[in-house]
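Presented below are the structures under discussion, each in the form of structure tokens.
Each of the two complexes below includes chain A, the first together with chain B, the second together with chain C.
Moving on to the complex of A and B:
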């Protein structure tokens, strides 16, 4: 069991090392990425099965005594997130391969390091180690974002890195304050530590730092600027992984350090409501598919942190159900946008139109996740939102519940705007020409030779390959319908996770080694 | 008290530099802020206890220093060193790509700023 617990950490890291060694062999790198990510999905699935009935598994790294060792702990919440994020990463990497976005010796190793950091963040039960795993993930993302050299990438990269570096420094300051006050950063020893005002302030500094990474309003400004400048597959990869790790860390921090202290409830509800509103309103003025979707990411983070303010079994279960399906849905939307960009060479609504006629598979691949994002039945997004809003009203949080409903309408309007602009009506010139299939416009931005190694030749967009581009988003779209109809499965999976967050005693016992 | 003053000075200088235009100054600001965090970490372990901390050997120092914050500080230094190196590389490339280190100079083109 302990070997399996650390596997999501060392397996992708090992894969990254081997991929670096095999840098002259592009297909070996691809195979390694596919293998490690598929294995991570499987390991996550086993962990989900192993954490039935609220069981929590822990291992102390290196066999050091409890308290000195870094504990790796898997409860149901962590196991579910590992499975889902691994799946999202797998889809994004498959899309990158189809599109030729991985034609850079560093792409596959960096993806390996990125998911290493993500999985380790889910598993670690030590706040300092959380800082380290965050950095592992972020450093890989810095390089992935700036692989393509261009003016926009340069600016976006600088803003993204500096914002996150500032947040990381704040995280470190918070850790120092917390250690100075409590004398430990091990989550097993920190339960309800925030009852002490000094420790609450220190943990608050950490929470704000994590809030930047989760892109809570008013700490969200970097996200819509940075994400649109990465390649489409990288954007999908980031959307499925990075902010979700922040959301996860906030849940863990609130569950353990703050012990679900209700006095913070109002603050959390206000932040969640404002995040929903600001994100969705920011999307109104945008005319580019990925820019619109990036603002919706901010908006959706509001839904994801709403359960923190509710902190009831119904609320947290709803939040986890929503989170799990949302990771896949958002990734699929970015993949659909990426497909449109790849085929037509542009993502601007004004230049697009009528793609439903030329590429119906792409249109359906966008439509189904878009409906799930807005929360239209019978998709999984409807189930998540319905449960979340019902839990808000049951907890007598009428204002934030109302905001969630209103924001859903705005989300639907935004999705309809994209639908009308890109897929409806007569095919526009860009759509009919499909100029993008003649050659990847991004190719010019990638170096031909890296470290003396010639890069693989550009992808030739044969008709089967272009059709295949739509498959990842289409698969998620079908899955949202199936999960919407069989929603009980998600609820059954999520409920033990929610119970484990509300009453973390099993988690704490596992960290302390009993 | 000395540690508090050092942290305050470093944090103030770092914040000032981060708010400047130009990537290289901001990088220097982050270096100073990183030092502030490191100093705070060391202070968190208690500055009065400075004896050598050796695990597995008994009665070495009367007041052994807390080794954990030192390990934290070391890790944090390594990470911030790596990120600083990367930022400087980005700044060097930025001088070529943006013709100057100023990330906010007008005339730039970002896809999201395009009119719909």
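Moving on to the complex of A and C:
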């Protein structure tokens, strides 16, 4: 069990190290990435199976005594997230390979380090270790964001790094306060610690720091600026992983340290509602596919943290169902936008149009996840949103439930705006020319050998390769329909996870090694 | 690069081996006393910086040993394999223990991990010097000759 629990940590890291050492062999790097990510999906699946009936497994790193060791704990919630994020990362990496975005010796090693940080954040039950795993993830993301250094990337990178460093400092400060007050940062010993006002303030500082990383309004300003500047595959990768880790940490913190204390419910509901509204309204003024999608990410975080305010079995189950399908849906939307950009060379709505005729597969690959994002039946997004809104009304939280409904309409409008701009009507000049398929004009300038390492040849966009670009988003689109029709599967998977969060006693016992 | 200094060059030739020895000493005593892979690596990193100051970035860039990726990659690999060895032998990732060497000397197994950390830290310093060193050099080329030099 110890090997299985630590595998999501050491396997991707080992892959990253081997990929780093095999930097002269581009195809070896690709194979390692595919292999470790597929294996991570499988490990996640095994963990999901092992956590049936609310079972929780724990291991103490290094075999140190309980309380000194860093515990790695897998409950159903963590297992589900590992599986889903590994899948999202796999799709993004396949897409990066197809469009040649991984033509940098450090791309595959960095992806390995990034997912190492993500998986370890899901598994660790020590708040200081959570800080470390966050940093592992973020440092890899700093480099991935600025890998293709242009002026815009550097500026976006500066905003991203400064915001996250500030948040990390606050995180560390909160940890110090919490340790000073309670004397431990081990989640096993922190249950209901927030009953003490001093500890509640300390944990609040940590929660705010995590709120920056999850991009809750009013701490969201960095996300729409930074994400659109990365390469399309990297944006998809970040969208599936980074903010979700923040959301996960908020769930864990609220479940354990705050013990679901209802006095914070109103605050959480207000933050969730405002995040939904501000994000969706911010998207209105944007004229670029990925910029619109980035603002919707902020809006969706509101839906993701809404269950914290509800904190009922129905609400949290709905939230987890929504989170799981949303990770895939958002990644697929960014991949579809990336495909459009790769093919036509632009993502601006004004220059696009009529792509349904030239590239129907891309159009469908965008449409299905877009409907899921807006929550239109019969997609999985509808199931998640319907459950979430019903749980809000059942809990007599009418205002926030109403906001969730209204924001869904705005989301649908936004998606229709992209649909009309990019796919509907007569093909525009950019769409007919498909200038992007002639290859990246920047590539010709780049040296053939960097630091003595031969660079892979530029990607030639053959017709099969262009068609293949649409496959990852199309696959997710079909999956959202299937999961929407067979929604019971997701609910069955998510319910034990929700129960484990509402009553963390099994989790706590596992952490304490009993 | 800064003006060529005979004093610095001669001094570094004597100092560098000494600093390297101290760094290794810090690495070895790290388990039970002040020191360890990180601090040892930083001391060895100071040797790299000294080399850069005294002989210029060509000394670093031309070196076969002082290269970023091999150092960091090997270091990480050693640290990880140590963790996996603990998993295989003791059932817990990163598990440690004492190993008695033939001479009766007791050594903590985590020394292996520390060696990995040492290499990573040296690698990072090399990476910094290589990247920032390039920039300083290229800027220097565009500067006009100083009258008083």
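Keep this in mind: the second predicted complex is superposed on the first by the 504 of 514 C-alpha atoms of A that agree within 3 Å, B and C clash if a C-alpha of one lies under 4 Å from a C-alpha of the other, contacts with A are read in each partner's own complex, and residues count from 1 in each chain.
Convention: contacts are C-beta pairs under 8 Å (C-beta built on N, C-alpha and C of every residue); 3 or more make two chains touch, one makes a residue touch a chain.
These numbers were taken from a predicted model, which means no experiment stands behind them.
After superposition onto chain A, the modelled positions of chain B and chain C are compatible, with room for both. Contacts of A:371 after superposition: neither chain B nor chain C is touched. Of the two partner chains placed by the overlay, neither chain B nor chain C lies in contact with A:194. Of the two partner chains placed by the overlay, neither chain B nor chain C lies in contact with A:205.
Applying the stated contact rule after C-alpha superposition, one finds that A:225 touches chain B and leaves chain C untouched. In the superposed model, A:3 makes contact with chain C only, not with chain B. Of the two partner chains placed around the shared chain by superposition, neither chain B nor chain C is touched by A:97. Once the two complexes are overlaid on the shared chain, A:14 sits against chain C while remaining clear of chain B. By the document's definition of touching, of the two partners only chain B reaches A:179; chain C does not. Between the Cα centres of chain B and chain C, as seen from that of chain A, there is an angle of 40°, stated in steps of 10.
Of the two partners chain B and chain C, more chain A residues are in touch with B. Once you line the two complexes up on chain A, you'll see the smallest CA to CA distance from chain B to chain C is 7 Å. When both complexes are aligned on chain A by C-alpha atoms, no chain A residue touches chain B in the first and chain C in the second. Listing the residues of chain A that touch chain C in their complex gives 2-3, 6, 9-10, 13-14, 16-18, 20-21, 23, 59-63, 105. Every residue of chain B that touches chain A in the complex is listed here, in rising order: 18, 23, 26, 30, 33-34, 36-37, 40-41, 43-45, 68-69, 72, 75-76, 79-80, 82-83, 86-87, 90-91, 93-94, 97-98, 103-104, 108-112, 114-116.
Chain contact summary for the complex, chain A toward chain B: residues 128, 131-132, 135, 139, 142-143, 146, 149-152, 154-159, 161-162, 165-166, 168-169, 172-173, 175-177, 179-180, 224-225, 228-229, 285-288, 291, 294, 347-350.
On chain C, the positions that touch chain A within their shared complex are 69-70, 72-74, 76-77, 80, 83-84, 86-87, 90-96.
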